[in-house]
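Each of the two complexes below includes chain A, the first together with chain B, the second together with chain C.
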Partner chain A sequence: MIRLRQTGFSYLFLLPSFLLTAVLGIYPIGWAIWYMFFDYKGYGTASFVGLDNFDRLLRDTLFWDTVVNTFVYAGGKLLITIPLALVLAVILNRSFRGRSALRAIVFLPTIISSAVMAVVFYMLFNSYNGLLNQYLLKLHLIPERIDWLGPDHAMLTAIMIAVWGAIGNYMLLFLAGLQNIPQDIYESSSLDGASRWQQFWYLTVPMLGPVLQMVIMLAIINSLKGYESIMVLTDGGPIGKTEVMYLYVYKLFFPTPSASFTADQQFGYGSAVGFATAVIVGLVTIVYHLLSRRLNQLQ
Partner chain B sequence: MRMKKAGLAVSIGLLAFTAACSSGGNTTENSPANNPPEKPVEGTDNKPQETGKKVKLSYWTGDRHDQEYITEVIKSFNASNADNIEVELVVKTDDFNQAIDLAFASGQAPDLIRVKENTIQPWVKKGYLEPIDGFLTDELKAKFPVIPDFNQIEGKIYSLPNYGSTLRLVYNKDLFAKAGVAAPPKTLDELVETAKKLTEAGKAEGAYGFALNFKSTQSAMFRSARVIAEANGDGGFGYDFKTARYDWSSYKPIIEAFKKMVDDGSTMPGMESLDIDPLRAQFAEGKIGMYISFSSEPGVYQNQFPAKIDWAAAPVPTTDGQVHGKTSFTGGQWLAINAQSKNKEAAWKFMQYMYGDDILKTYQEKGFGLSMVPSITASAAKPSINGIEGFMPTENDGTWPLDPTSAIKVEGIMATDAFFKYMLSGGNLDEIVNDLNKRYNDALDQAIAAGEVTAEPDPAFDPMTLK
Partner chain C sequence: MTNMATVVQAKRPSRYLPAGRIGGKVLIGLFLLIIAALILFPLIVTGFGSLMTNAEITAGGKLIPADWQFINYKEAWVQANFSRFLWNSFFLSATSTIGTLIVASMAAYVVERMTFPGKALFVGLQAATMFISIGAVVLRPQFQLMVKLHLHTTLWGVVLILISAHAYIFFILLSFLKGLSRELDEAARIDGCSNAGIYWRILLPLLRPALGVGALFTFCGAWNEYLRPLVFTLNNPELQTLTVGLSYLRYGPTAAVQTHYMFAGACLSILPLLLAYVVANKSFMQMTAGSLKG
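Now for the complex of A and B:
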């Protein structure tokens, strides 16, 4: 009887989270999986089309371009963000005057809305009256305006903005990891004559192994999913150069209206593309886990 | 352990998927398709005067050029109406259509919505709008023209016209004078040449010959290439009303001219990330020589971005300098009532007020738009706003029939994106046009087969006899 009551209580406590997960997690996934096999515009009747949406997906060169763009964007962001965040964390883990203020400054971009950030960066980077070009021209560092948001540089600009926005967050996670490393290890290695670089490479990095593994995984997922700042900055343009997977999915659900007509929402195909993007993100994460097992064992 | 990790990764992926799809999920759940609008209006609503309670209505619009005036009008309605109705005005611009979709998805849609020629059809199909036939008196029916496909859909009227928009080449007269160019271009070759001269004259001060808002290629092309094509006799956004097939080859000379301006360096740097408002801000500062847009521009330069330059508007150039087709006089609708509104009668009362003679007349006289209501056109004074003269409707403006583009599902790159890509990075324009024709016609055939659209050839179609 007591046991039954205990079990009952356990289920009762589980109920709120289960309901939330069911309504906000399982239901939308089930909805999207269902509609992957339909042609549905959000009004009228949904017609069953079998695997047509996936057939279209395979032929959809626009989508596969966005996959490539996403990898360039995420790869670029990771390659710059992770080392920089780690170095900053190591520096800001030392005690010196103004450390807290510096930590706050580095962390600040994380709490600013990415859309607001993108608007501000648009003012800085746009080539016709952007502040960046004006200063570079005044300092004679460039002969003429650079089109930072043009086809050649838009992706680089988007990556730099993403790095700026993400670095504080990862720095904080690294800092938390660093503070768990016992100081006496450093002291004894100093006695053994280890240099600062040797301490970083042979002590800090291995001791941070599990944290690194988790932070990189979070960074991969966030980078592959990120699209908000790009949407505000370039809306995927010019000529699709910064169109990433999730922005493409968003536009299928909420097409950009034009001066002449409003395209229909494509719930069916959007769901199929959404599913494909989730599979891609999932696969990348699995591959990363397999490859990064050593990081977990370093400690 | 490995399985657990794989499971974790898959879960994370699924969560990402949820994020992408959850808003769509809500949309269906609450969409009018699932909750069909209740039938008509007569006598089904709360009557504000009976309850004595304040009825709060919200009116959402994407128009900003008339914001100051409409705010005043609404303030006066709120103060004077005898039915205790209070209207709140919400102005949203760039993301207006998405905001409406999201508002309907979340059950928070406004009672009244500004509809346009490109939104009335899809929003009727989605069940967002309430037919107003039941409210219309004979007097109102006689006063406001019915425009099939643009305010009357499948026999039901959803909105009434206020103003229409013409499309013109907008040009900076100061820069023209500085470059020694006497008149706006009449041919596409002259357009290219003029843009070059204007850039030569203005580049030192950061002014360039030509620009368009290519952040959205559709918005840019459909306010520019579209109207040039119409004046060439090829309206319909690539759809040929004579043959009932898509033929984008009519856009070739226009896109070639645009590309030439890009290659010459006559277009504003950064044009590819320019939205319409930043473009207007630059034009107001004198940094742009020419662009093509709607007749809402005079209001913009009066109120939103006061122009620091002398400017004017002129008919768009054509390939050979001759006009072979009427250019779009778009419009035919203004306010509409939300089919899900709980206060439709109150909403109609506000709508009636907005369509009153005084407001419509003042609207034209202040230059916010060119009236499409014959009695207003006859009685209102000429708009007192700089730049409107060039936008006044002429015998070369008319309303093109609705083309089927909204109703077809084209796979792959859209025509506007393909053309802009060609402008920036080159390629074979003939191949691009052939590919577009094939994909657009395939999509048209599929839509016809599915019964979603009808397309009948009209060999006698004459683009110069449009009304």
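Now for the complex of A and C:
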């Protein structure tokens, strides 16, 4: 009897959470899995087309371009963010005056909306009346305006902005990991004559191993998924140079004026592309996982 | 004591720092200075830019405004509709924070303290929603559902969607509850307290630190949320939040003459969180570091 009452009470308390998760979290995924086998434009009737959407996906060079762009964007962001965040964490783990203020400054971008910052960075970087060019010209650091958001530099600019927003978060994660490393190994190693650099390379990095692997995993997933900032900054332009795969999916469902590849909503095909992006992210995660396990075994 | 100190000090070579060490210290200091400057630069430009005339910004090359144009805020407030955006952002963040904390804490309570069939399934379901992401696809069925419920013309639709993503807070509260002793529950039960009473009178007050961090996390997330409010207000400019309203200015036909409004709007969006951050940056940092442990 008591057991039954407990179960009833539990279900009652679980109901809001379960209902919301099922209806707004799980059902939409089911919806997408259902419609990726249909030709459905959002109006009229949906007609079953089997695997046609996936056939189209394989031949959709625009999509595969966005996959390449996604890897360039995520790779560039990681290659700058992770080493920089790690070095900052190691420095900010020592005690010196102004340490907590510096930590607070480095973490600050994490609390600011990436959409809002993209608007700010747009005003900084745009070539016509962007503030950055004007400052650089005035300081005679560049001979002429640089087209930061033009076809040649837009991706680099997007990556720099992503690094700006991400570095504090990973710095803090590394810092949490560093605080679990016992301090006495540093003392004994410096008695043995190890330099700071040797300590970093042969003590800190290996001791941080598991944390490092987890943080990098997190960073990979986050940077493959991120598209909000690019969406506001360039909307994938110019000429698709910063179009990343999740932004491509978005435009298939909510066409923007700049989405030259589709004027229509394409729910069926969009679902298939969305599914493919999830699979790609999943595959990258698995490959990374296997590689890092291999690395562990070698050590 | 004094003897010990002198011995220790004599052993440490810190008084006779070799030139290399000093050079290293200077380099590290320089590095930190550059990083801090790069991080703060866009924010400083935003702050000062919001107090310049549009002409002054466009002419460029200046950091500090010649004449502080506080009127920008007044105009952005009235003409660019930022009063409305600010209220919408606040409404969305406050309601979804309260909702998330209630829903997640109720679920965490029964999952941690009760036994019932299907518990593992529920936990698995929560974990799955955190890891599976098919991008913007889910926005469409979510939107259609809200149309059916007639919630697409209010912000409540977005609120419900934000609350539905409470898995992260659920797991934080769950791990925190695990650390709370069950003895208090038992004592309260013997005194005749009901299950709901234990949740409300005993555990929620004890959970306060975790709820605080969770609230900060959720509020920040909702305040900075862009895509969901964007999609839900495509036909409803009156419902736009600060993030959405601001991005509309950037793509609007009058963007070039409204730079100062955009800076003022960005400031309005950043300032509330910034003030909270200055007061309690330790708590903000907890929400990231906590994710490593929890």
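Details
The criterion applied here is as follows: the second predicted complex is superposed on the first by the 262 of 299 C-alpha atoms of A that agree within 3 Å, B and C clash if a C-alpha of one lies under 4 Å from a C-alpha of the other, contacts with A are read in each partner's own complex, and residues count from 1 in each chain.
Here, a residue touches a chain if its C-beta (ideal position, glycine included) is under 8 Å from a C-beta of that chain, and two chains touch if they have at least 3 such contacts.
On a predicted model such as this, the values are computed, not experimentally measured, just so you know.
In the model built by aligning both structures on chain A, chain B clashes with chain C.
Of the two partner chains, neither chain B nor chain C is touched by A:L78.
Within the superposed three-chain model, A:A219 lies out of touch with both chain B and chain C [touch as defined at top]. In the superposed pair of complexes, A:F121 makes contact with chain C only, with no contact to chain B.
Of the two partner chains, neither chain B nor chain C is touched by A:V49.
By the touch criterion stated above, A:I159 is placed in contact with neither chain B nor chain C. Contacts of A:F13 after superposition: chain C is touched, whereas chain B is not reached.
In the superposition on chain A, A:L88 makes contact with chain C only, not with chain B.
In the superposition on chain A, A:W31 contacts both chain B and chain C.
Of the two partner chains placed around the shared chain by superposition, chain B is the only one that A:T234 touches, whereas chain C remains out of contact. Once the complexes are superposed on chain A, the part of chain B occupying the same space as chain C corresponds, among 43-51, 187-195, 259-267 or 277-285, to 277-285.
Of the residues of chain A, those at positions 24-25, 27-29, 31-32, 42, 122, 128-129, 225, 235, 246, 249-250, 253-254, 267, 270-271, 274-275, 277-278, 281 touch chain B in one of the two structures and chain C in the other.
Every residue of chain A that touches chain B in the complex is listed here, in rising order: 24-25, 27-29, 31-32, 35, 40-45, 56, 59-62, 122, 126-130, 145, 147, 149-151, 154, 221, 224-225, 233-235, 237-240, 246, 249-250, 253-254, 256-267, 270-271, 274-275, 277-279, 281-283, 285-286, 289-290. Across the interface of their complex, chain C is touched by residues 3, 6-7, 9-11, 13-14, 16-18, 20-29, 31-32, 42, 84, 88, 91, 102-124, 128-129, 131, 133-135, 137-138, 164, 167-169, 172-173, 175-177, 196, 211, 214-215, 225, 228, 232, 235, 245-246, 249-250, 253-254, 267, 270-271, 274-275, 277-278, 281 of chain A.
Across the complex, chain A is touched by residues 2, 5-6, 8-10, 12-25, 27-28, 31-33, 96-98, 101-102, 118-119, 122, 125-127, 206, 214-219, 222-223, 226, 237, 268-270, 272-274, 278, 282, 287, 294, 405-407, 409, 411-413, 416-417, 420-421, 424-425 of chain B.
Taken together, the chain C residues at the contact with chain A in this complex read 24, 28, 31-32, 35-36, 38-40, 42-43, 45-46, 49, 57-58, 60-61, 102-104, 106-107, 109-111, 114-117, 122, 125-126, 128-129, 132-142, 145, 160-161, 163-167, 170, 195-196, 199, 220, 223-227, 231, 234, 242-244, 246-247, 249-251, 256, 259, 262-263, 265-266, 269-270, 273-274, 277, 281, 284-285, 288-289, 291-293.
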